[in-house]
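Presented sequentially are two complexes of chain A, the first with chain B as partner and the second with chain C.
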Partner chain A sequence: MERVDAYPTHEYQGFKLRPGKPFPFGATFVPGGVNFSIYSSHATSCTLALFNKGEAQPKIEIPFPDEFRIGDVFAMTVFGLDYENIEYGYRMEGPFDPQQGHRFDPSKILLDPYAKAISGRDVWGKPPNWENIFPHRSLLVFDDFDWDDDRPLEIPMEDLVIYEMHVRSFTRHPSSGVKFPGTFAGIRQKLPYLKELGVNCIELMPIYEFDEFENSRTSPETGETLMNYWGYSTVGFFAPKSGLAATGKLGMQVDELKALVKDLHRNGIEVFLDVVFNHTAEGNENGPYISFKGIDNKTYYMLTPEGYYFNFSGTGNTLNCNNPVVRNIVLDCLRYWASEYHIDGFRFDLASILGRDPLGYPLSNPPLLESLAFDPILAKCKLIAEAWDAGGLYQVGSFPAYGRWAEWNGKYRDGLRRFLKGEPGLAGDIAQRLQGSPDLYASRGPTASINFITCHDGFTLYDLVSYNDKHNEANGEGNRDGANDNDSWNCGWEGPSTDPGINSMRIRQMKNAAAMLLVSQGVPMILMGDEVARTQNGNNNTYCQDNSLNWLDWNLMNSQSELFRFFKNCIKFRLAHPVFRNRWHLSNQDRIGSGYADISWHGTQAWNADWSGSSRLLAFMLNGKHARGGMVEDDDIYMAMNMHWDSQWFELPRLPEGKNWHVFANTSAPSPEDVWETGHEPLLENQNGILLGDRSVVILVGK
Partner chain B sequence: MEVIQSIIQDVNVVKLAGDLDGNTAPNVQAQIMPLAIPNVKMILDMSEVSYMSSAGLRMLLVMYRTIISKSGKVVLVGLSEDIRDTMSMTGFLDFFTYLETLDDGLKTLSS
Partner chain C sequence: MAFSVTSKILEDGTAELSLVGELDASVANEFKVAVEKAAAEKAKKLVLNMKDLEFMSSAGLRVLVFAKQKMGSDVDIYVIAAQEAVRDTIEMTGFHHSVIMQDEYSAI
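Our next item is the complex of A and B:
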């Protein structure tokens, strides 16, 4: 049956129109035309501007007739558009009164906050026309992707091994050998690598449309252009970044990203997005008008009583996340990515901001975080908070979780780093961290803890064991940017070394880190390239570097194959042993009558851990009968960690009759005896004890 | 955009020439759809398609779904490298059997 609303009722300068439907917001295909819907609490009138693709001036501007507005929503259906060649935006009229929070400027054409694709930065790094009156343009998008039977994978949280990567960095280096370097398609071509490494989740650094030219400048050190490379500054929340898609120049970035997600899912790999809802690319009162500022400044931004921008994000403005309107757009956005792109989880940049009220005060029961936690579409999505912000709020362990939210565990990172570099007195802290931080997440369980030693912020793993201090001169800020508390140790020489002793210690330290990370209860996260000793030459804040400081050099796969093999085997080992992947905290007791506690602590003497202030070592045993709370039976595992500069003899706890200790890993043994294939671990000769070299770890399997 | 139909053996060969985009796709679809009868064997010869937009890709997939639902078979031949790359990266190529030449296509459909 034909629909009545497939016919126009109005006309404006040759364009056929009809009052639109307020829902859904954004631009939607309807029979015969396109429905445009946008809201503003304070605009007095609105005009739709339509451009032919790439043209300087709009081909038509259609004011919304009064009768096309319902509530605060302007909605209009326009018929007969050549939808593949249309770019659109809006002009809004309203008060300009900064003290009251209003900054309407009808001379600006504004991006639709719900734009599903955005043109203007179609090809990464291609200098734009700076005279463009409307630089970031909304596009019309088909949302009819054929997913076959794909849906988000719903891998249990405790079984994840996350790999944090930047889309462009992963394959941009000439050595990657992919056909379209630095793109979503490039990742797809490197799927065999991810499969071999064994990770089952990739977390993509920002892929929402951003402007790589935001604050771009020339480096005084190198003469290179410094860019907004990482992309933590959103232009449009519903659009994938065109410049990260090989087909972006054809406007097909939506399909390219969906094809990547579908293919990753087919290979058992989940996809998380690193989402930045705390601020936008519009900066403060001196920043550009892109979208929100001209649509409804007072609603979208946190403003001081005088009308200036609060700056809890450290980037100029702060999104007003607990305003009901803003809350809804965040929710709409995540629902869109979960349902239209089959995204498996989200990591929220500076998430503590999402728990502040419109004046910036932390809320005890933040409605936005609660809405996300209980939303039906997001019900199986993983939600991960970076549980701090640039305004001084630090909520690791106390982020409002509603039984759903996990956190980047900054205390895990700090504790592991300090233990690794040989600081004394950390045995107690490390025991907490390896158990999934029950001191922080008593009621939430170990899966609340995303364990990581390195992430995009800060040193890479190789740099962590090669530099005492940051070396950020290339960023052109006099080495003042980036964190100073790196808890790193260079193993005796700052930077690259030709000393074989130093180099072998660095390799050992990286293996130690990998081993500790991958046996910890909770969810491990690996930074892209750490498995092959990627370096940033000591730069711990490469946010602006579009060059080999960020690009993964695939030649490392050959030169660092020993480290790669160690990582790979440790990941397989973790996934083969449920005893590392408990949903709930270990009790340190024997509640099932196995004769052993689920976890027991040891030192150089079995059953006698050294918790003293001078201790630099720790050992533990996991009893396999307690795996998954006693639901499955696994082997027993013993791990000893000696971060002392001398070798140490560790007495081993006795196994039950019939079981023997086998060696899975020994980081002081030369490759290939540093690590074994799961299931092929050789019998340990002396079942009573083992000598650990200086700064090394041993993992044994009792079977 | 030209659509040239022929029948070789028992195979419907449809040769497309020109740009396949939002302006031309509806017309092309209207011409091909009547051929999508039950158990049809069809070859789409793309060797003279110079550009394919999002709408063009979608038209191909709609054709594919229609033909498959009628127990037919469809094969693409003569894709340029550019178009093959675009189809591959956007996931559309995954649905199709595609071969280099018309002869390859005929062999595949007759076997």
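Our next item is the complex of A and C:
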């Protein structure tokens, strides 16, 4: 029998129509046609504009008949469309009364907030036609990708090693040698590199459609075009950025990204997305109409009582995340990415904004964060907050977690940096950080802590040990942009140096950082390129640089192979030893009768750590019998960190009968004796003690 | 160059389609009809000769996906002698996992 609900009941200028289904929102294929559904709490009427691909004017504009509106939802099925050749948008009528929060303008054609693909910036950096009346156009997307037996990997949080990367930066440099530089396809070609490094999760900086030309300008310093390069400014939440796909010009960015996720999963690598829900690309009252502003400004944005835009994001506007309507679109969006793209986790940019009420006050029990934490589709996704915003809310350690949320641990970054550069009195702080910050996450466990020393914001690791001050002149803002408190130390000379002593100290400091990061309880995150000493020439805010300041130079794989090997071996070492990857905090006691506490603290004398205000060193021992709360047995580990400018003799704690200390890493030893392969660590000659060179760390394995 | 598709059914039940020219949204339906015909004749294999196919758009790829769905998982689809641009498109979108890509047809 043929379906009767698939027949048109209405007609408009030759187009056959039928009242649509309100659910799901967006454009959906139905038998014989496409169902268009969009809502607005304040619009008085709505018109669907259909374009043939790339044409300047719509081929037809179909007003939604009154009887096609249910509640605030306009829904219509249009039959007989040429799916492959359609771009669509909406015109919305309603009041223009900024003081009341309304900015309706029916002269604008607006992007569907639920658009699953968006045309208009198909090829990265190709100057757009500024006369286009509808620059970011919604496209129809098929859900016919063949995933075979793929699904999100569900690697336990404590076993992750995250690698933060920008899609374009990873392979755009000519040295990458990939066929399609700067794209999703490019990452796929570099899978062997990621496998060799050993990370099991990549976190992609924004890949939702954004406009690289937003606020683009010419640098007064270099004459180059400065762009919205990083992409922390969303145009469409459901669409992958076309310009990051080699097939974007063919409209196949959806397939290309899915193919990447599928291949990463086949190789045991999870995919996290850095998602930006705190603001959009529409700016403030002077910004463009793209979508939300013209569809329902008052609902989507946080507005002052006078109708101006709140600016907690530092970028012009603030999405009104705890309005129930906006909350739902965020939830719909994440569910879509988790189910349709098999995304394993999300990192929320300036997440503290998501916990503010519509007037900007922090909520004690923010409904959005709660719904995400308890959502059945997101149940196995990792949720990670950047637990602060640009409006002064700083929630590291206090972000509303609901047993789910992890945080970028800014205190880990700050503490480790200061300890590394040799500041005194940090032993106590470092002890907390290396244990997964139990002082911050007592009840949440170490996996609440995403440990990082560097991330896309701020210095790279090489720059952290090569610059005292930021050098952001290339950004064209007189070096005023970017953070001033970097806790960095240049090892004696600002910038590149020919002094072998300085250069070897820098390498050592980078190894020290890697070693500390990769033995810490919690979840380590490595910034793309730190494993090969990538530099941004001291620029700590390269958000606008589409050039070698951001692009990973693959020649570094040769010149920095020593550092790469150190990182690689440390990652393997971490993944081989469950004693570093506890689900719950260490107790500093012996609760299983092993004769040793799970973790014990030491100094130049065994069993006697120096917690004083002048201390620049610390050592600890992890007892392998306590690994994973005593569920598995591992080797014992001893690590000594000497951030003093003099060498120090460390007395070693005695191992149980039959076990001996073996050397895994010693950052003051020349390569290749700086680090060993897991399982092939040589016996330490003197089992009673070890001399640590200045600013160096040693890791021993007791077995 | 104008698109054309010619099809023949070999004695062993293999359907062979030769695609020529540029396969975009305006002509994708011709390809689809040919696939439907092969499916209707219960072809045991589908061999797509792409030697002279210069371009394939998203619509063309969608017909490939359609072919896989329509023919069923026990019918192997061979993509033969695809030119570089077409091969790139198939590979970047991950569809090469679903078909057998060969330079010259040789049944497996």
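In this section, the second predicted complex is superposed on the first by the 702 of 703 C-alpha atoms of A that agree within 3 Å, B and C clash if a C-alpha of one lies under 4 Å from a C-alpha of the other, contacts with A are read in each partner's own complex, and residues count from 1 in each chain.
Basically, a residue touches a chain if its C-beta (ideal position, glycine included) is under 8 Å from a C-beta of that chain, and two chains touch if they have at least 3 such contacts.
Not measured: the values here are computed from a predicted model.
Quick one: chain B and chain C on chain A, clash or fit?
Partners clash after overlay.
Applying the document's definition of touch, where does A:Leu250 land relative to chain B and chain C: first, second, both, or neither?
In the superposed model, A:Leu250 contacts both chain B and chain C.
Pick one for A:Ala56: touches chain B only (first), chain C only (second), both, or neither.
In the superposition, A:Ala56 touches no partner, neither chain B nor chain C.
Would you mind listing the overlap between the chain B footprint and the chain C footprint on chain A?
Comparing the two interfaces on chain A, one with chain B and one with chain C, the shared residues are 82, 84-85, 142, 144-146, 179-180, 184-185, 188, 245-247, 250-252, 255-256, 258-259, 262-263.
So in the complex, which bits of chain A are touching chain C?
Within the complex, chain A touches chain C at residues 53, 82, 84-85, 142, 144-146, 148, 179-180, 184-185, 188, 245-247, 250-252, 255-256, 258-259, 262-263.
Along chain A, where are the residues that touch chain B in the complex?
Residue positions touching the partner: 82-85, 142, 144-146, 179-180, 183-185, 188, 245-247, 250-252, 255-256, 258-259, 262-263.
So in the complex, the part of chain B that touches chain A is made up of which residues?
Those in contact with chain A are residues 21-23, 53-55, 57-58, 61, 65, 85-86, 88-92, 94-95.
Given the complex with chain A, which residues does chain C contribute to the contact?
Answer in residue numbers: 25-26, 28, 57-59, 61-62, 65-66, 68-69, 88-89, 91-95, 97-98.
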